[in-house]
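Worksheet: the structure to be examined is printed underneath.
Letters A, B, C and D mark the chains as written, and numbering starts fresh at 1 in each.
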């Protein structure tokens, strides 16, 4: 029982917060400002709590398992959610259904926690749905915007479809192996045709969530349609969670099929990088632009995963950590601008550094980190991913990846150029941002610069793997 | 033993002048800078004479041979164990002689300029440049290392560039200095490659070692250098020919002479110093330096030297007969005289009596420095007087500027080879050497000397006679003491220098060489010379129609000669049409449109491609699902059937 | 001495700059920082020579190593040999000069100087790092400041040039990255450490793959034909200090990389590819020179001539003789100083006449003698006048190249020699046109150089003369490094 | 006769592809949702069949089926809610009308 409490601590804390929100909603005696403040505090505590009283173990005969690494992953997600609650304060305060939004978000987060810890296909399926369905609802929160509901609809339908495919795959796996337990499946796998088919259908679900080409098409529309907070949650938190579980599924569960999934990853990651970059090239809308760029980033994550298990895992986790900071910062800046002036086009940003130097430099820093320019942490993240991928020693693969870095640099520089270099008579007016947001932005910038340079962070992750 | 510090001082004093005047001149010294520079140079001249005296009469001679002494040597740049650029001083008859010539002429020019360049606002700069040139020239003549010569070679080149372009607001001057620099630079590439070849085949850059290695047939270097053959000639021959190209460039030998006439855009004293007396003979000096190698290891290269020299002598003499700008006449005569020196070296052999040509060449170099400097300074005085270079603005000046007239006459007699003036002796030796070793060249030389006498006196009469009294009424004197004194001194030099028993001091191998006076031999040249003089008198003493008639009678040839045989046009065609239009422009075009175009094309190509594939993102959720399923099934099929 | 100072001082300067508010403080802090760098460079030189004099013949001096990502076999491993010391001196000189000439920058002054210092940080780190990972790290640090310098403070079609530069350089470093990863895994020891890697024998087939990647990658930085097209646009659009840094420092990163990484780690492959390198570099030399003849804009002239001059660096490396490699390093130093001064002078002229078109200027010597005299000197330096640095470097390269007896290298050397005529042609055409001739009346009241410009020029000039008049100290500094690289050839 | 595993698998596969076909072709959002349900049901059939015929010693398949049904309901609920919302803004639930976000 005691064991249960410590092992499931993150989920329990989160559930507590969710219920608290529920009661507050019923009671409805409290204004957005205070509620937001309260939530920020709670989430901070939640994040900090994640560092104490952790121990590895498993529950419900292996349905739920947790290790140091898993706890760390959950904490990364916690941190991301906490940052979201700070960064989008502008928007939250003007949102009339804020408690619901947070409830949905935290439910999704809960789902992701279970997802990361799941030790069996049923658990996996349940938590995946729990992690997906609320996000679809979140996507719809700009109730007055047509695009918002359209995006939400696209998300829920295609995710339903994808989970249908995935379940079909799972059923075949069950049929082939007779078990749904992660520890038993590898023993039963022999690489038969049926298993390959099943695995690929199963993989399609991951591909959908991570928006890997050709399963990515919903991404851009949903990102563009949904409110910035939901978008950033979708692009950072849910991607991160799925990537984490993807690691353990590949390295543990489908180890016997390693040759298969290595080739598979090479193909899809090349496709993903190329397509993502090529689409990002011509985007005008900043959200859409970030959507495609995040697709390209996933391509890089796959390069890392294709490497050996140790370095693959550590470099991916590290990259996700970096990605949280960089991507959230970028989205936050975009949101700060969008909520004040409905400017979402890159051209609207022209000459912005005249009026908003702070935002401009944070944006620049975030984009440089996404592009993998030193000394930002993105450089280390990308480099480690590539190094992990290169360990299999296929030059062509790495050259393609490296060249994709250039294409991505090209479009990231487009934004930088608009912000700093191009002339504009009437640039965006001076934007005043919430102190909490500003604090979070500074924190993000610091993170972007320092995470890479302080090598012990990476070493810590490495030590947990 | 020579006193190293003193010799170093000779060289460094002008440098000090350059640095001082170059940096602080315009601010602090102003008009006193001329005096400062002159006094510095006076000092080093004195030291040079002292050194010469010491070398020739005290320590230089050891058992009948003048030694090559290297009192000072500093490794300036170490390429590799064997190869290094050493800044050294070599003391041997030639270099000492050159020390004297350079310092003396330079001093004369300094003094002359005090008057000539007075009231010029860049007075200090002028003297700074003179100092730089003198320094570089002195450094050149004492070089103990072939790369050291190249070093100072470039420096004299650049100082000549600066001085030619001294009147920088005159476009013609700018063009001239550019031309001079680039043409000599082109020749220097030959020199440089020659150095590389020699250094490789001799394994050293040091003159003494190099000459030792390449002249004694038992050393391996010699064997290899002779053996290694390229296009039928030994590597050594190639190297020496390339070096000679450099020499020809500096010494304005055909076909690299085109810069010299234009170089007359510089102030006249500068022409006297650089383009008559000292720098232009650097080429001769270089060949003389390497003479043993030429003579012993590569006779074919030496023959080339001889023919180029002879041809240039005649060629220049012919052109000189037709020019109307007095400085250009003098320039062409310089070229012709240097041609003399060159072929004198060319016909010479190494050692003993056969080395007569070498001695003669050096002797002529010496005397020529005297009388040509004299002539130029005289011309300078005239130009200073009439403010023009054109003969038509002159005439009948003998009354107005007697001293100039007299000294100029001496100069003309000397160059025309009329005894007992200096030119006679040196030229006579050259002719003798040619006569002994190469008849063909001897005849060319003979004709040339007649032409020389003719055009020099054409010049003389046109300036000082030809009309009764000069239209210029107000008589503002022919320049002060500072301008007359050098003329007189140089005139004395031109008059008596010939009596120096030169062969006793300078000879190809350092031994004493007796150069007698052969009456019967010298009849022919003298007679020809006098003939030339009288023809000139007949044509130009009084204004008359004869010159026009003569010109008309051989009009085509006259025209060609008047236009310097169109060499400039040829060069112009090659540079402008071929180099610029056929190489430069295509290169620039290629860079702009091909290389750069490719880069831009990749960028645009990517953009276009991304535009073509945008339709996959159709916005239809159902088509998304189709791609989804197609992707899944496609991958499944791929991995089940194709890529097992 | 502790080499990490070379990184710390620029770092602290940069941080301090970020904290400052008003522009004058920023300038002075930047100046102080760069002056400190110069002092530090001299201290380094002094200590280095002391060590050598005391008979310390170790290949690398002042080694320091800190743990950094040990799990990847990365360590923050610093150390210098003669070549790096020379490069560091060069950097220090160019940096302080660059700070001085950009004294009148008014637009976003703080950011401007921050970028300059950041760039210098990258350069120092690159030159002192013995770990390929951090070397790459610093190499890329240096890219983005260039991009911003050109894009924000530049002129002309600056966005285009900035983009081109950033992308091409990044492309180069991407190739470098792949090459590095190849060496990392091929070596057997999973280590980025240069010294460790140089000990073990990298299999030849790996060399044959990785060498071209590395060489071309670094070659892009140092204008290897045909990857040079970023040079003209980048230099001409950049602000004065920007072009100085680009040509003076950043192009040297490439040369240093080609030498220290590619050639040093992969001697066999270097031998194999030597012919190609020589051909490309000779093309660069002549083609760059001829292309320069056709340029009308002073900055373009210098940019194209940089292509030609950097060709000598690559030629020296390709020739693979000790003398030639020494010459290559000398040429890097010399060209760095010279071209930095050249750009500085062009900047001074531009600030006064507001044009860079040669055809629009004439007779400026009358009005701004100091600046124009500098123009003369630097022009003469670039056409290799004795007594200035260019002569020493080029002659050393020629001497070294000539030591190959085979006809091919001979022919290459002769062709390279021919370029010095072309150089003379374009330099003299430009310089005489600008300086001499009748004065353009619109330039009647120009002011001569201000104190900061004079100081910058004199600093660079002093360095040029120090190399040109007494080259031995530099050669003795560099040639042991070249010696070691050559030893690995055998 | 006694239906064997293959009959059931055939049916479920047919059901799956009918659902997919429906999802691809129907214009009406609700109908698309229903076809997704078809897919899920085919999966359910699979599970049951496998459980019954191959792995009858454990009941994993059975539980899975139950949970799928539950989740499907939840999903449907949210989806319907979103569709209603869409109807509010677009005044139609025709999928053709929802192509504003693209490229």
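As a working rule, a residue touches a chain if its C-beta (ideal position, glycine included) is under 8 Å from a C-beta of that chain, and two chains touch if they have at least 3 such contacts.
These numbers were taken from a predicted model, which means no experiment stands behind them.
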| task | Using the contact definition stated above, find the chains touching both chain B and chain D. | result | A
| Which of A-D and A-C has more C-beta pairs touching across its chains | A-D
| request: Would you kindly tell me how far, in whole Å, the mean C-alpha position of chain D lies from that of chain A? | output: 27
| Inter-chain centre distance, chain A versus chain C - centres from mean C-alpha coordinates, in Å | 42
| task | Could you grab the centroid distance between chain A and chain B? Build each centroid from C-alpha atoms only and quote it in angstrom. | result | 78
| query | Measuring from the mean C-alpha position of chain B to the mean C-alpha position of chain C, what distance in angstrom results? | reply | 37
| message | For chain A, give me the residues that contact two or more of the other chains. | response | 153-154, 157, 161, 165, 220-221, 410
| request: At least two other chains touched by the same residue of chain B: list those residues. | output: 603, 614, 617, 619, 621, 625, 629
| field | Set of chain D residues in contact with two or more other chains | value | 23, 32, 98, 100-102
| query | Tell me, which pairs of chains are in touch? | reply | A-B, A-C, A-D, B-C, B-D
| Hey, which residues of chain C end up touching chain A in the complex? | 67-72, 74, 133, 137-138, 140-141, 143-144, 147-148, 151-152, 158-159, 162-163, 166-167, 170-171, 174-175, 177-178, 181-182, 184-185, 209
| task | Would you mind writing out the residues of chain B in touch with chain D in their complex? | result | 614-615, 617-622, 625-626, 629
| Residues on chain B engaged by chain C in the complex (per definition of touch) | 75-80, 83, 85, 147, 150-152, 154-155, 158, 165, 168-169, 171, 173-174, 177-178, 181-182, 185-186, 189, 192-193, 196, 199-200, 579-580, 583-585, 587-588, 590-591, 595-596, 598-599, 603
| note | Per the touch rule above, chain C residues touching chain B in the complex are 164, 167-168, 226, 228-229, 232, 287, 290-291, 293-295, 322-323, 363, 365-366, 380, 383-387, 391-392, 395-396, 398-400, 402-403, 405, 413-414, 417-418, 420-421, 424-425, 428-429, 432, 435-439, 470-472, 475-476
| remark: Residue set of chain A touching chain C in the complex reads 311, 314, 368, 373-375, 379, 383-384, 386-387, 390-391, 393, 395, 398-399, 402-403, 405-406, 409-410, 413, 416-417, 420-422, 455, 458-459, 462
